[in-house]
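What follows is a pair of complexes built around chain A, which joins chain B in one and chain C in the other.
Let's turn to the complex of A and B:
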């Protein structure tokens, strides 16, 4: 029996996650402009300076930004405890982190030493403050659920990514390293970021989000207990046996995809829902990645391809699909749920003190209209397809940039609309309490 | 003390909270609200306390909890009627 009487922190003020969420699409809009001005050359290699700016704009500016904001809210909801001094921690880390990502992108584009050093300092401080606060919580205070254990592994991966990134930046700034930072070193940095930090976090969040928001059954126990930890172990193995471990990582994600399909199919209320469409798209993407990964090399960039057209560079293709159709899809699925839910919940909790305030709260769908969410989904598919097109044919870069601009300006608009409604209703409740 | 029972196990957020708040708004004096839920509504707890409600949670398994909510002034009454009694899920 779990007795009451524990001291639980309430949700942190809503403007804290909101500032992380609203910053995220701005970075993709900046990425779209970068694509527009970089031309075809951007797509020749993943090592192009502007391509590095682009990938970090996507992964740090959008994906990590949203996940940092979401964790602020998820930890109190899932673990039953919030952060100490959330406003000071979240505001400071958000400003430093945002400035750090901008400096990092500019450092790749302009190759100026002062930009590299600024990025190094700002990102270390921004990440450092945020990570210290969250890690302190995860080590000391919180429950041992499977999701929380997954969060721990994801954050450990983030620490690895950050340390490797700091070494790479320091080397770029001219600081001599006692060892060589070769391409394998960069691959470890990228893989721990995409699979360890973003991937394991998404898997862990799915253990909670699908049963909670979609009234689906829990994921099977062995998946909850072993999937995240297996992927983390494969990441460690990757440092020594790269090819072998990468295969296992891809297969593990295939298993996750099948589990996702199973759980989604077992929902009690099979309501038509855009977030579910996103999850299904993400799961189908992981299965497609299994096929693409295990295709013989002759399919890629080869005149002997059995297909009517040779596939482009394998690493770039698979990474682009993983980021765009898997990671971004799940992040958008969560945003479509979290934005209206948080707005509604924060307002609703104020009604416990004054029940009459319930009259001011609009229906949850008014915070984020279903049709507008569905439009975002179709825009996401369109820009994803345009990404595939530009990887095959770089001259189509204007099309991809335009699709990105459209999709993420729309997302930004939906966020502003939701937040505006929240603050309008909040003001009404405030005035009614005063009266 | 009498129980008023609500089952929110098959509702998606934020419906459970709406049902709970509506039930609390209508809860007669000397009554206790028994909520059957799939998970503990952690963020609700501190707000309940601030609004002069008390709560008592029984966790049956990963997917099933019973949450009792009553007025803080009824603490003794709650203990007399229900303390130590386990409410098994239906």
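Let's turn to the complex of A and C:
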């Protein structure tokens, strides 16, 4: 029987997830500057070079960066097993991965061959090291749960995204492929990234965090067992019957949204909580996406739209809403919980032996002030609305860039404050242990 | 007749519920209701910890020979939880709403983590090693240990 699961030795040092977290808002700040310098032309098509840099800055630089950091901590806690050589693995993969994302963004902007090849090598290595370590963990005996099974599907999707991305980059670098890499190929790459990797991971994480932080009931059993795997199967079907599978993927997310509303409504902890607001926003977004997806085409970019204004390009609109109001919302909800939670847990574990040092540990709200967390939520809504505005009217790009700068500088500041407090207290405990 | 994992997990849920009621009352500055719920939680928690520390843990340690393993970690975490309960007592007495809510969030996540470890690992191990587990639970139901 695995007894090590009850020990906290499995937790990797806190500075490892912290470095992933703190890098993430820096990428969005870079994206805001890119928007500012790219002008209106950026918003004309999703195939614009700078738009590709922007989407990868958001998805790899922010979303994946945070998720990589969070998984480092979540897997040992949920699975009860630690990573091998966490410091070497996490620091190396973090440096290579960050450099890889920067090279990838620059490769889109400047279209230089050496940047493409650098991105290819750095991202393959960065992702490769990280994925090998995590997959080793998931293949090894780890306690079984629906969340862990979801993680497996999400990571499988990430491997698919990475392989397709490598092929796309190699082709961009001039290497001849035995088959054509058309737009459908890129769509598969994007969908596996947004829905398979980020989406399934979020669904799986929700099984764990909603009951834990909000004393909510478990998600219904059939949702826990079948939702992630169904979405994964629809992603596979998408490769052959794109239109049909995409509809099913959208509906599956609608089902998830209704389940989220139900579980949140049934939670026992009813006090005001910004993370809950984020989850509600995320669920409402998924329902809105169902409406927008199934609207007739005449609503989009058409002179005979039944609305007072024609909606912008459907793919761009739906993708922007999915990323900004769904994925980013949940990631921020998680960060608001996980930053104080990790800080506290790590310090608390150090006081198991030296009980008297407990007096130095601040409570959770001191690590992350509630009002400041709420301000982040309002900034997020503001910049989300400004994103919608810029998609409809590209000349508003300065407004969107300013909102992004504000929101993510604020997030960065909250992270720095939390981490600063952690290290100050950690030092006090260290001195107390020595005394 | 209920098993150790079943009964003790249900107790965790009961504690969570009354804890949330106390927290909600504090958030609304309903101090009399907060005090009633908080005292109810504190006595439920005290009883639950005593059932573990005075009955289940010693029996488990005897049955497995493990005295420095998981039960020791659990005992140390109980001690930390008691310290937080004491701080919450003080915050409630001072009607310090923000302080109480910050401490409550802290105790909540500590309990959830602690409970997860007990429910996923320790209780199933106890059910496996303690042949008289069901009788022990019947004993808990019949009398208050604390």
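Everything below uses one rule, namely that the second predicted complex is superposed on the first by the 426 of 435 C-alpha atoms of A that agree within 3 Å, B and C clash if a C-alpha of one lies under 4 Å from a C-alpha of the other, contacts with A are read in each partner's own complex, and residues count from 1 in each chain.
Criterion: contacts are C-beta pairs under 8 Å (C-beta built on N, C-alpha and C of every residue); 3 or more make two chains touch, one makes a residue touch a chain.
Quick caveat: nothing in here was measured; it's all calculated off a predicted structure.
Judged by the touch definition given at the top, the superposed model places A:215 against both chain B and chain C. In the superposition on chain A, A:341 makes contact with both chain B and chain C. In the superposition on chain A, A:76 makes contact with chain B only, not with chain C. When the two structures are aligned on the shared chain, A:409 is found in touch with neither chain B nor chain C. In the superposition on chain A, A:365 contacts chain C only, with no contact to chain B. Contacts of A:11 after superposition on the shared chain: chain B is touched, whereas chain C is not. When the two complexes are overlaid on their common chain A, residue A:272 makes contact with chain C while staying clear of chain B. Within the superposed three-chain model, A:351 lies in touch with chain B and with chain C [touch as defined at top].
Where the contact sets of chain A with chain B and with chain C meet, they give residues 1-3, 6-8, 77, 80, 212-213, 215, 268-269, 341, 344-345, 348, 351-353, 355, 358, 364. Across the complex, chain B meets chain A through its residues 10-14, 17-18, 21-22, 24-25, 38-40, 42-48, 50-51, 53-59, 62-63, 86.
Remark: chain A residues 1-3, 5-8, 77, 80, 143, 212-213, 215, 268-272, 340-341, 344-345, 348, 351-353, 355, 358, 363-366, 370 touch chain C in the complex. Of all the residues in chain A, the ones that touch chain B in their complex are 1-4, 6-11, 76-81, 211-215, 218, 268-269, 341, 344-345, 348-349, 351-353, 355, 358, 364. Of all residues in chain C, only 16-17, 20, 23-24, 27, 66, 69-70, 73-74, 76-77, 79-80, 83, 98-99, 101-103, 105-106, 108-110, 112-113, 116-117, 120-122, 125 touch chain A in the complex they form.
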